[in-house]
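I have a structure I would like to understand better, so I am pasting it below and will then ask my questions one at a time.
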Amino acid sequence: MKFLSKSAVSAIAFSMALTAGAHFADAKDKVKVAFIGPLTGGVSAVGVGGRNSAELAVQLRNADPNAKYEYELVAMDSECKPNVGVQVATKIAADRSIIGLVGHYCSAVAMGAVDIYHKFNLPMSVWGAVLPDVTYGNDYKEIHRVNGTMINQNDVAAKFMTEQGYKTWVIIHDTTDYGKGHDKYFSEYLTQNGGEILADFGVPADQQDFTAELTKAKQLNPDVIYFGGLTPLGVRIRAQMEKLGITAQFQGVSGIKSDSFIDGVGADLSEGVVSFLEGAPVDKLPGGQYFTEKYKAAGFAESEEAYGPFAFAAMNLILDGIEEVGPNRKKLTKYLGDIHGYESIVGEISFDDHGQNTVAAITKYVVQDGKWVVWEDSEYATGKRKLAGK
Amino acid sequence: MDVGLLGQFVVNGMMLGMMYALVAVGFTLFFGVLDVIKFSHGDVLMVGTFAGFSTYLGMTAIGIDNAFIQLVGVLVIAVGSMAILGAIIARYLVLPLKSAPPLNTLLVTLMLGTVLREAIRLFYPDGSNPKHFPSLLPTESWSLGSFTLRADSVILLIGGLLVIIGVNVLINRTRLGLAIRAVAQDEETAKCMGINFKMIVLLTFALGSGVAAFAGVMNGLYYNEINFGMGLLLGVIGFSAAIVGGLGNIYGAILGGFLFAGLQTLGAVALPFASAYKDVFAFAVVIAIIAWRPTGLIAEKTSERV
Amino acid sequence: MAQQQETVLAFRELTRRFGGVVALNKFDMELTNGQILGLIGPNGSGKTTSFNVLTGIYEANGGSIEFLGQDITSWPAQKVYEAGVARTFQRSRLCLELSIFDNIMIGNHKRLDQGLLFNIFKRKALREQIRENHEEARKLLKIFDPALADKMFDPVGSLRMIDRRRIEICRALISHPRLLLLDEPSAGMTHEETRELMDDILEVREMIDGLSIILVEHEMGMIERVTDKCIVLNFGQKICEGAYRDVASDKLVQEAYLGGE
Amino acid sequence: MTQSFKDKAVIVLLAAAAAAFTITFIAIEEQAEIFALILFAAALVFAGAKFGFTRSIAQSLSRNERLMNVAVIAATLVVIFWFREDHFPLLMIATVMLYVIACCGLNMQFGYTGVVNFAGAAFFGVGCYTAAVLGDTSIPLLLVIILGGVIAAIVGSVLIIPVLRTRGHYAAVVTIAFGLLFRTFLEVNDTLGGPQGLGVSGMNLFGWDFNNNIEITENIELSFYLNYVILALVMVILTFVLMRRIERSWIGLNFDAVRLDETAAACFGINIKRWKIVAFTLGNFLAGTAGALYAMMLGFIAPSNFAFSDSLILVSIVLLGGMGSLWGTILAAGLVVLLPEKLQVIQEYRFLIYAVVMILILLFRPQGILPRGLRAYIPGWRG
């Protein structure tokens, strides 16, 4: 970006020419990559976790003597607001020295920003936003997504829960794009699978008190309370269910699959809560263990949260691409377009013609003794423990 | 709707209303003595709750596990530290701006709210995630049909009521209260009568902030969950409640608090359209009430001389 | 001098209550053209209230007000002003942040073009109007204090109390009212200043044709010197009416002031 | 003669310095440089006030208003031209300009007339949504911008009754409640895109597509944001002229009288309700027009842009600049929009720093950065 005058540039060029002789033989070219996520505000925990994970990918790559380039991460805060998102997206996209981007947890921000990436030919991969339209709502070849959409997640969730024998649901969702999207797709798949929705409550994402909704839910006596939203609200609803003596099964979405959900609710109340997350469980994959260890070793103050592994995988994908085709946006876009069967810490990645990762497997989780455990490995699957109402 | 369910809604609504009322009382006190709105009130509540939470963690760490002692410790530390914080805010942010336009105070305290919120988010260990607040009260419950009453809810309701009564007695029956009322009536006259104006303002802010901290701990005990953003909406609602009730009047604040809780509950359960509109409904009613009673339900006494 | 006898203002059984307190009780009063009426009475006897009811700040609970042959009872303040009643306030109510010129022009509202389009688009005509009114305000202010007339664009907040009083009176006079209401103009001023101020007012009266004045005042010297007639109020009720000398010697009046039996 | 020459020299130098400062401030990215520049500016301002330069400069400026206006526009054009190829700085400059327009609207409301409005972002948002909905129709887009303002004014009329009946903090709650209600409504109601937001078509003026880069020659391609910056600049100038003309007329006087003393104003025939309605409606109109162009420029809008906190940003610009002060608003808008952006380097800490900076400014300069002066009906004329 040429912010400063042309003469300044030539002056710099001149001085660089003078010092060129001093270059070490093994000095690598610098390449910039970027990260965008919500680093302030209500969902900043996830954003900071994502940023740390992306940062980790860059650090590890820079520590690798075989890497061709030295990478620099430019991380930006979208505040989870579309207008700010468009601003930072423009800033990053317009900076030609940035080759690739790992961006967006908030779908509304991603929706506003994709046009800009297309306009500036900046290849990017979404690391957390789950709204299908981010990839399917356009034909931009620059846009990719390593995580699955809420469609896959709810498809699996609806099937799984009806298979467990549950019949009736009360849905509570927040009124953001995230919660409303989940509500829409889960309702759709649940009806297909024969489940019945007794009531559907939309609540603002900053609501504290759910006793009114839950009292009404209690009267309807559903088998399951489905919550479409993020950890903070999920914690409140689970805690308040207890207050009102609601014994129904609590079912969440990917947004609550975090350790902070269990910390917030406490081990007792979180026991038996189920949720669903795209991708294979991190610790099951060969690289996953490595990620978890390295993340701990890097000494980040904050946890990586549910989507950290995706940010790590997406960043690695982009770094691999740059290593392969060089620091060139168009070539990187093409490289990403051809990704098929790429091994990552969240499982195999294959992009379809919309840049959506198709093999984003959905993993079912249940809380057992204060930990998220893959359903198949849990004592619930073996029948040793039972979900609520079974 | 059966009676048990109705009872459940009433109890829930009262709980919510009590918390709003406690926040609104603070707004009304500050406005009374200084004609200012201290918008960081909700965030002071949040900081108070975190102070209480830390006390609990600290006491557990040193091996004090008697729930009652813990509760007392949590309350004392939370209320005490917020009273000090409230007085500091009054001394260094509110009083210096006394002669500036009133909107300035509002903005400064709003910014202070942001500072408090961000500070907890960034500097409290894992502060950006919700925390599990312990149940320190007995959790026995009685069920009657669809009506469940828990012992902790009852204790909290009574506790809240006692605090409100206590504040009321303090304002109306004590020398300190007399001084606060005198300052609220007319600052100049109060000064002439030998009342230490500054001290009264600081004490009032300490009182209001202490009440907010109590409401925060109550919030934590009731919902068993606290987070850095909990004060923001609570502050806005408390402010609206104080306004709807009529600023400068404790009964107005209580009325406003319960009214707002009632509207939200009503909006969530009884509206013919989707419950997601309940806040739209509650705020629309607030606007309508203010249009109808421009100085609040219990009108503020205006003594403007022409 | 037939014109002198024309009735400008008349109260008929004017009543105003605040809760249980009767601030004005069936107040009857008449004021003729060019007359200066002194309204006296102890604190809280209803003097200022009668101004406020007359100028539409408070509504009357009973009775009527007639001004220049029109029934103006319950007219809003704006309409009363348009009809030709201007006033000052007991506690000075100038806009301290604004300049002297601004404050006087607030009083000139009805003679200025208030159209939105005129003000935004007809800048030339507006400037002309500004210059003309500036000249007029200057002239008026000069009568009170020539030095003030040179400080037309100074903020009022920087002035002394007596200057503020002068500006307040200019604000009331600039629109050529038929009736001027002066609410304790001497408050906060020395005897000398009060005397000076009253002389200025008398001078202005000569310039505005047929200006009547009602003066609320505690300073009896002033009342004695300038009023044609006095009315004494006590607990909202008229207890005496007549020339100052007669009123001052009235037994009821003395009782009211001394509070004795 | 020398006096007037000196004045002119001062103005030209000042404009040049301001342009240079703005360019540097926007261009630099390094954390240390940014802080150094801010400290430098603060020191300069402080020294200027201490040694009385500020006063004599202010006098020079007020004596030559016309020249000053021209110089500011020229300086702005220099800044714009400097960044002609750089998308992001132009986007930020246009954003600042549109915020200036919206804040002028608020200034009309509570800077002049004393009608508080804590729902500025909501009225801005009405403009945005108008552009989103009408942008795809055959209505000329320039007209859509005006319609954005008109519809914002119409939506605002819902609040007129409560706003007229209340004062001070009570009026504040009316607008706060409306702002919250507006955002929740947009999120819950799907007809306007719901929480996912809506795409907005870009500006198109007589076949000139604003969203295409301007190719001058093969090597020079100007950023498409230049289109928006120029249009925004035109709108800012129009707004500024409107605000100035209103301020320096009997209407401005009426506004001030209503703000400062309603009772006295009423006793001198000023129709309180009328002028409050005029100010409230005009203010919302301005916010709406700014919103409409903003939406076209960003190309995408969603409810979370119009939260309470965004309204507060608008209010803080007005207060920071100095109530009713137009130049102050411009300066404060630049500061409030650019500072958090500049602080991106400190990422999650930036709001903490930003809030602390705001508190310090308000504590030490409660009347705002550039307090509004006394009304000068005719520039330079003092009777």
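Order of writing sets the chain letters: A, B, C and D. Residues in each chain are counted from 1.
In this section, contacts are C-beta pairs under 8 Å (C-beta built on N, C-alpha and C of every residue); 3 or more make two chains touch, one makes a residue touch a chain.
Here's who's who by UniProt: A = Branched-chain amino acid ABC transporter substrate-binding protein; C = ABC transporter ATP-binding protein; D = Branched-chain amino acid ABC transporter permease.
This one's a predicted model, so the numbers in the text were calculated from it and none came from an experiment.
Looking at the partners of subunit A and subunit D together, the chains they share are B.
Of all the chains shown, the one with its CA centroid nearest the global CA centroid is D.
Look at the CA centroids: the one farthest from the centroid of subunit A belongs to C. Across the two candidate interfaces, C-D and B-D, the one carrying more C-beta contacts is B-D. With centres taken as mean Cα positions, subunit C sits 48 Å from subunit B. One simple way to say how far apart two chains are is to compare their mean CA positions; for subunit C and subunit D this gives 43 Å.
Spacing of subunit A relative to subunit B, judged by their CA centroids, is 36 angstrom. Annotation for subunit C: residues 57, 89 touch two or more other chains. Annotation for subunit B: residues 118, 274, 276, 279, 306 touch two or more other chains. Contact with two or more other chains is made by residues 184, 188, 263, 348, 351 of subunit D.
Within the complex, the subunit C residues that touch subunit D are 55-57, 76-78, 81-82, 86-87, 89, 93-99, 101-102, 105-107, 109-110, 112-114, 116, 119-120, 123, 126-127, 130, 134, 138, 152-155, 171, 175.
Subunit A makes touch with subunit B in their complex at residues 40, 42, 44-45, 48, 175, 200-204, 206-209, 211-213, 215-216, 218-219, 231-232, 235-236, 239-240, 242-245, 258, 260, 263-266, 302-303.
Interface of subunit D with subunit B (complex): residues 110, 116, 159, 161-162, 165-170, 172-174, 176-178, 180-181, 184-185, 188, 263, 308, 312, 315-316, 319, 323, 348-349, 351-352, 354-356, 358-359, 362-363, 366-367. Across the complex, subunit A meets subunit D through its residues 1-4, 39-40, 44, 48, 51, 75-77, 80-83, 86-88, 90-91, 93-95, 107-108, 111-113, 115-116, 120, 131, 133, 175-181, 202, 204.
Remark: subunit D residues 242, 245-246, 249-251, 253-254, 256-257, 260-261, 263-271, 278, 374-378, 382-383 touch subunit C in the complex.
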